[in-house]
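Each in structure tokens, the structures are laid out below.
Here chain A shows up in two complexes: once beside chain B, once beside chain C.
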Partner chain A sequence: MNRLWQFFEACGRFISAHWLTLVILIVILAGFFALMAWRHLVKYSLKRLGASVLTLLIIITVVFVLLRNMPEEGFIENYDKLSKEQRLQKLESLGLTKPIYEQFWNFLKNLFRGDFGKSTKYSINRDVMKIIAEKAPLSMILGVISMALSLVMGIPLGAAMARKKGKFWDRFGTAFIVFINAVPAAVYYIFIQLYGTKLMSIDLTFSRGDPVTWILPIFSMSLGSAASYAMWLRRYMLDEINKDYIRLARAKGVPGRKLMFRHVFRNAFVPMIQYIPASLLYTVAGSLYIESLYSIPGMGGLLVQAIGLQDNPLVQALVMIYSCIGIVGLLLGDLLMATIDPRINFVKKGGVR
Partner chain B sequence: MKLFFEGKKRRVEDNINQAAKYAGLSDEELFTLAEFDPDAGEKTGYSNYSYWRSTFRAFLHNRLALFMLIILTLLVLFTFVQPLLPDQYDPLKVQTNPLNNSKIISARAPSTTTVYMSVPAGTMLYAKKVDEEWYGVRNSGLTIQSTVTTKGSNLVYFTVLDYGEEWTKIEYEDEIYYIKKTDTDGALIEFGFRKLTKPEKLTDTPYVTYSNNCIALYAEPEDISQDGDYLYVEAQYLDVREDGTAVTKGETELRDYPSKMPFLLGTNSAGQDLWARIWSGTRTSLWIGFVVAVFEVLIGIVVGIIWGYVRALDRIITEIYNVIDNIPTTIILVLVSYIMRPSISTLILAMSLTRWLGMARFIRNQIIIIRDRDYNLASRCLGTEPARIMVKNLLPYLVSVIMLRMALAIPNAISSEVFITYIGLGLSVKTPSLGNLIIEGKRLITVEGQQYQLLYSSLVLSVITISFYIIGNAFADAADPKNHVL
Partner chain C sequence: MNEPILSVKDLNLKFSLRGQTLHALRDVCLDVYKGESLAIVGESGSGKSVLTKCFLGLNDANGYIESGSILYEGMDLAAFKKESEWLKIRGREIAMVMQDPMTSLNPLRTIGAQILESINLHQKNLTPAQAKTKMLDMLDQVGIYDPEKRAKQYPHEFSGGMRQRVVIAIALACKPKILICDEPTTALDVTIQAQILKLIKTLVKESGITAIYITHDLGVVANVSTRIAVMYAGDIVEIGTSEEIFYDPRHPYTWALLSSLPQLGVKGEKLYSIAGTQANLFARVEGDAFAPRNPYALKMDYVKRPPYFELSPTHKARTWLLDARAPKVEPPEIIRKLSRREVDLNG
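Coming up: the complex of A and B.
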């Protein structure tokens, strides 16, 4: 565990130090991959990439403009203790009194250097990126485990639901999915925490050294994605089952189990691949709810704390990281899907008449 | 509903009767050759298929959804009726005992009555007026003789004769009284000895001390009333005399607080009535959900129809959509609520900003499917204006989709509201909503005996979100013509 831990910590540090390089690398890799595989994919990938970059730029601009309209307390540490002149001086040294376009240019320059400014409330005058780099590894390790757990729970459940439609597992799974989708996550997370800790007679909060306290956060974190995997897999598998080639295979006498796994499951899994990168990246980035519920010192909990403290630079950095993760996740999902699924045809142009 | 069931029952009965009628006949009688009828030969079949009737029938077949619909309707109706019911509390008012100004904090639930005890006619009580309707009484004229209240520099001096475990015997204005230890401990220890010689131990009696607190003086070391607090009686049951005593008229109920209505679910940690807060919160959350749904539908339809119908714009809007769709919705939600002051309109804005996107795309796809059908081509050839085609020819096809999205928008909005409140950007406690009720309850989960506060609000919230979800999906299934073949 310890060695694994160190490994993850090192990964986290590396990623937070070179995030932009990594994003660019991933994008280039994906592009290269696509170039090698299919030529018609290139056009699609470039277009998709362009959209992502544009989105990122929009987000950066929006975040910049919105946060500059926040009250100035959020940018200066010890705001109440300073006199008016000192505040002005501080604002000047941060470059916040310059004209807005100049500020924006500096902001972009700093971003590309990986400099997100210094924390003003959470941990005064420390580099925001350093704070995040400390927190990221724990979120990553929890995220990876819970992602694995959700796949292990969701995929067999979805398959079982599709195989025996209308039987016990289908009913159980449907109830589960409806519950998870309809009830806000916060509510069932709180109840899991309340009764789970009571049942296992452990503390409400997470502690790094005690493996028993890892169980509940990981379990709750995996519920949401498990439900969505089960739901989509069931839907796609039922779609497949009703297709002609399955009927033919059945008529030919392919045994049920083999039919299910060789044909139905494999074909139904393809459209699901699209969601997996985004889902992985999101869980790795840490859950806002879970981390603050169990006081896990991770990235999600950090955002909640930073918002509570009105620490603008920290909020800004975290918001950017989360949106970056979302965008890259979607991009990877689409590219993966386009690479893997041979049915997607880029040559034909449909829709617009 | 009853009519519907009866009608169905009658139909089934008719079928059975007919079957019974034919059952006695022999085959020859049952199967006879029909005579040739030229009119019947000319008859053409027609279907009395009606989209909405079929949708309704398919929906009624889903028992669970029907049940949920009934529950939800009752619940929503009740949330709006609740403030009109008699004797309801204000969800924001901090409930206090008016005569000693203590907040009624964390009253236990469930309490179904406010009656503390009943006394027969003719009981003498010390009464103090609260308002026109209510009197505060101290039970049994024998025990509490009077109260001594002092303010500021007017201290009350008295001699402690016997410092006991529960009761302290004192002499005050040449009379012997008992005071409750719980009432006066603070006074004795914190304020008592500043100017006087302090006894070595409190039990070294007698000594003189003073208090600047309100003290109840009892004639006997016993207290029948509730912890020496006032109980409350309706004015009509009391015959109040000038000296402050009162005699009960008939069997009289003494109440915990001046209201006939109990705190059905108790009070929260600030002393507010949870029952009233839950319904008020439900109203707020439903309102937010409803407005978000309306915005989603309005913007979604307008953009979707233009996107789908106007070919020149298709390309541009699709590109814009591709860019905007990449932005994680949670981030927008967090960002907008972070920047703006927490209020209902902020929440509505933050949620509406992204939700219409999916709706617009769905509408656009539907429009592209149906816009070139023959009846629309015909319409266009006959010179109908595009606006009219959109409203009259295309929109009716989308009604079921719109209703589904509206039904799903509400649980979604409630979830988002809980999320925003959870990360500390939601409505203040002054505007109760299901979100901040849940968070309020969550803060109390470590307090033994207070965990029910989370339970009730979560229960109402879950019933609402689950039933909207199930009804929405059942309706979507029912609205799908594929499911109309019954």
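Coming up: the complex of A and C.
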């Protein structure tokens, strides 16, 4: 566990230090792959890539503009104790008195260097990226495991529901989905925490060294997405089952099991696959509520704390990380979908159609 | 005529729908002979699709066979319950071409893969290379140029007519003994219709397959079939060779059906249509189901269901008009014209 942990921590540090480079690298790689493997997707991928880069630029600009309009105390540590001259001096040293376009240029330059500035309130004068690097790995591991768990629970459940419509598993699954969607997450999270810890006779809080304490937070985190995977898969599979090509496949003698997997499941999975990278990345970014419930020292609570403290550089970095995660997730989802579904082909070929 | 390959006897099929029962097939008797082309005609809801789906066990789960038998090579298909039993029939013995080629192929798999799937299912002794050769051969047979390249393409890269050719290739890939074509040309445009029909016709003839066409288009029927069964309200009301049905029809429903052929209409006059709606099959049908819409109906028609009256070894019809005691009724003018062969059916 410890060695694994160190590995993840190292990964986290590396990622947070070079995040923008990495994002760009991923984007370029994705584009390259699309270029090589799926020639017909080239134009689509490039278009999609361009859109992503543009979105990223817009987000950077918006974050920049918003934060320059925040009260200046967010940029200066120990604001209350300083005199007016000292504050001005500080602002000047940070380059915040320069004209806005110059500030923006410097901001961009620093971004590409991976320099997000120093924390002003949360942990004074420490590099923002260092703070995040400490927090991110734990959220990452928890997120990846809970994502895997939700897929493992949600996909078979959805498939079973569709296969035996109206029978036990369908009813069970429907009850589960309705419960998860109707009851506020906070309520069942607390129930799971209280009764779960009691049942397993462990502490309420999470401790890194004790694998048993990992179970409940991961389980809680995976419930929501498991329910939605099951719900959507069931729906898409039932859609497919009633289609003509399934009837033709049956008529040509494809046995039920093969029919379900080779035709129904595969085709139903296409519309779902689009959202999986995005949701993976979001779970990696940490669950706000569960992390605070089990006092997990992850990334989820950091943003809220930073906003509360008005630690502008930290907020700025976090907001950009979250939006990058979103953009990359959507991009990957679209590319994945395009590779799987041959109909998504935005290049017009003459003659065929 | 030779041996029947498929023999349906007194088949009764019901659907349970929201607590009610729909009597979809009422005592259907039908012999299908080896190598013939049988057309089953009738309006929507007459049970023609349901009947052929029985041969493949493809009816929805709420449909059940109440009584009767479907004999095929010593097996009673009506008694089949398990999927494993049907798998011996589907695709291998009896294959099907469906109505809408636009939706009957899996959009995410290549054409080649879909034909191969069918070959691999039924001819397990072939090596992958042999199967592939066979697949390309099938594509070639249904008239698709450059099969090597086309096999790697997806359904959306094919036009409607081309897709129907692929569907036919899938159906014929395993050399079935019976091919059911469920309105194979309805979803295609007119220019393509003739091509596809011709293709099916030649392929069926070449490989000696028995074909069953389901259609409500008598023009199609005239083109391809050697024998015609006319269905109404879940029952075969008249059956005979194409000659007999077109030129010597006896059942008033067949008259009505033929009279509504646009080819027989006179320019400037209103096209004939059958008044009323089809019998309600949720309720018990007394007498002849067609009686309420039949201008020639006798009192007897409302009371007792007519038996089959044999007109020739191949021709029989279910109407009291053929009883010795019934008054002589002249068929409508259009039908008499047909009988005198004054009308060109293909024109």
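Keep this in mind: the second predicted complex is superposed on the first by the 321 of 353 C-alpha atoms of A that agree within 3 Å, B and C clash if a C-alpha of one lies under 4 Å from a C-alpha of the other, contacts with A are read in each partner's own complex, and residues count from 1 in each chain.
Just so we're on the same page, contacts are C-beta pairs under 8 Å (C-beta built on N, C-alpha and C of every residue); 3 or more make two chains touch, one makes a residue touch a chain.
A quick note: this is a predicted structure, and the numbers were derived from the prediction, not measured.
Asks: Based on the superposed arrangement, let me know which partner A:Asn69 touches: chain B (first), chain C (second), both, or neither?
Replies: First partner only.
Asks: Which holds for A:Ser220: it touches chain B only (first), chain C only (second), both, or neither?
Replies: Touch partners of A:Ser220: none, neither chain B nor chain C.
Asks: State whether chain B or chain C is in contact with more residues of chain A in the superposed arrangement.
Replies: After superposition, B is the partner touching more of chain A.
Asks: I'd like to know which partner A:Asp341 touches here: chain B for first, chain C for second, both or neither.
Replies: After superposing on A, A:Asp341 lies in contact with chain C but is clear of chain B.
Asks: Pick one for A:Gly253: touches chain B only (first), chain C only (second), both, or neither.
Replies: second
Asks: Going by the contact rule set out at the top, does A:Ser139 touch chain B (first), chain C (second), both, or neither?
Replies: After superposition on chain A, A:Ser139 lies in contact with neither partner.
Asks: What part of chain A is shared between its chain B contacts and its chain C contacts?
Replies: 352-353
Asks: Taking the touch rule as given, give the residues of chain A at its contact with chain C in the complex, in rising order.
Replies: Answer in residue numbers: 243-245, 247-256, 262-263, 266-267, 270, 340-343, 352-353.
Asks: Mind listing the chain C positions that touch chain A in their complex?
Replies: 56, 58, 83, 87, 89-92, 95-96, 98-100, 103-108, 117-118, 121-122, 153-154, 156-157, 167, 170-171, 174
Asks: Can you list the chain B residues touching chain A in their complex?
Replies: On the chain B side, the touching residues are 311, 314-315, 319, 322-324, 326-328, 330-331, 334-335, 338-339, 368, 372, 411, 414-415, 418-419, 422-425, 438-439, 442, 445-446, 451, 454, 458, 461-462, 465-466, 468-470.
Asks: List the residues on chain A that touch chain B in their complex, please.
Replies: Touching chain B: residues 51-52, 54-55, 58-59, 62-63, 66-67, 69-70, 178-179, 181-187, 190-191, 193-194, 204, 288-289, 292, 303-304, 307-308, 315, 319, 322-323, 325-327, 330-331, 351-353 of chain A.
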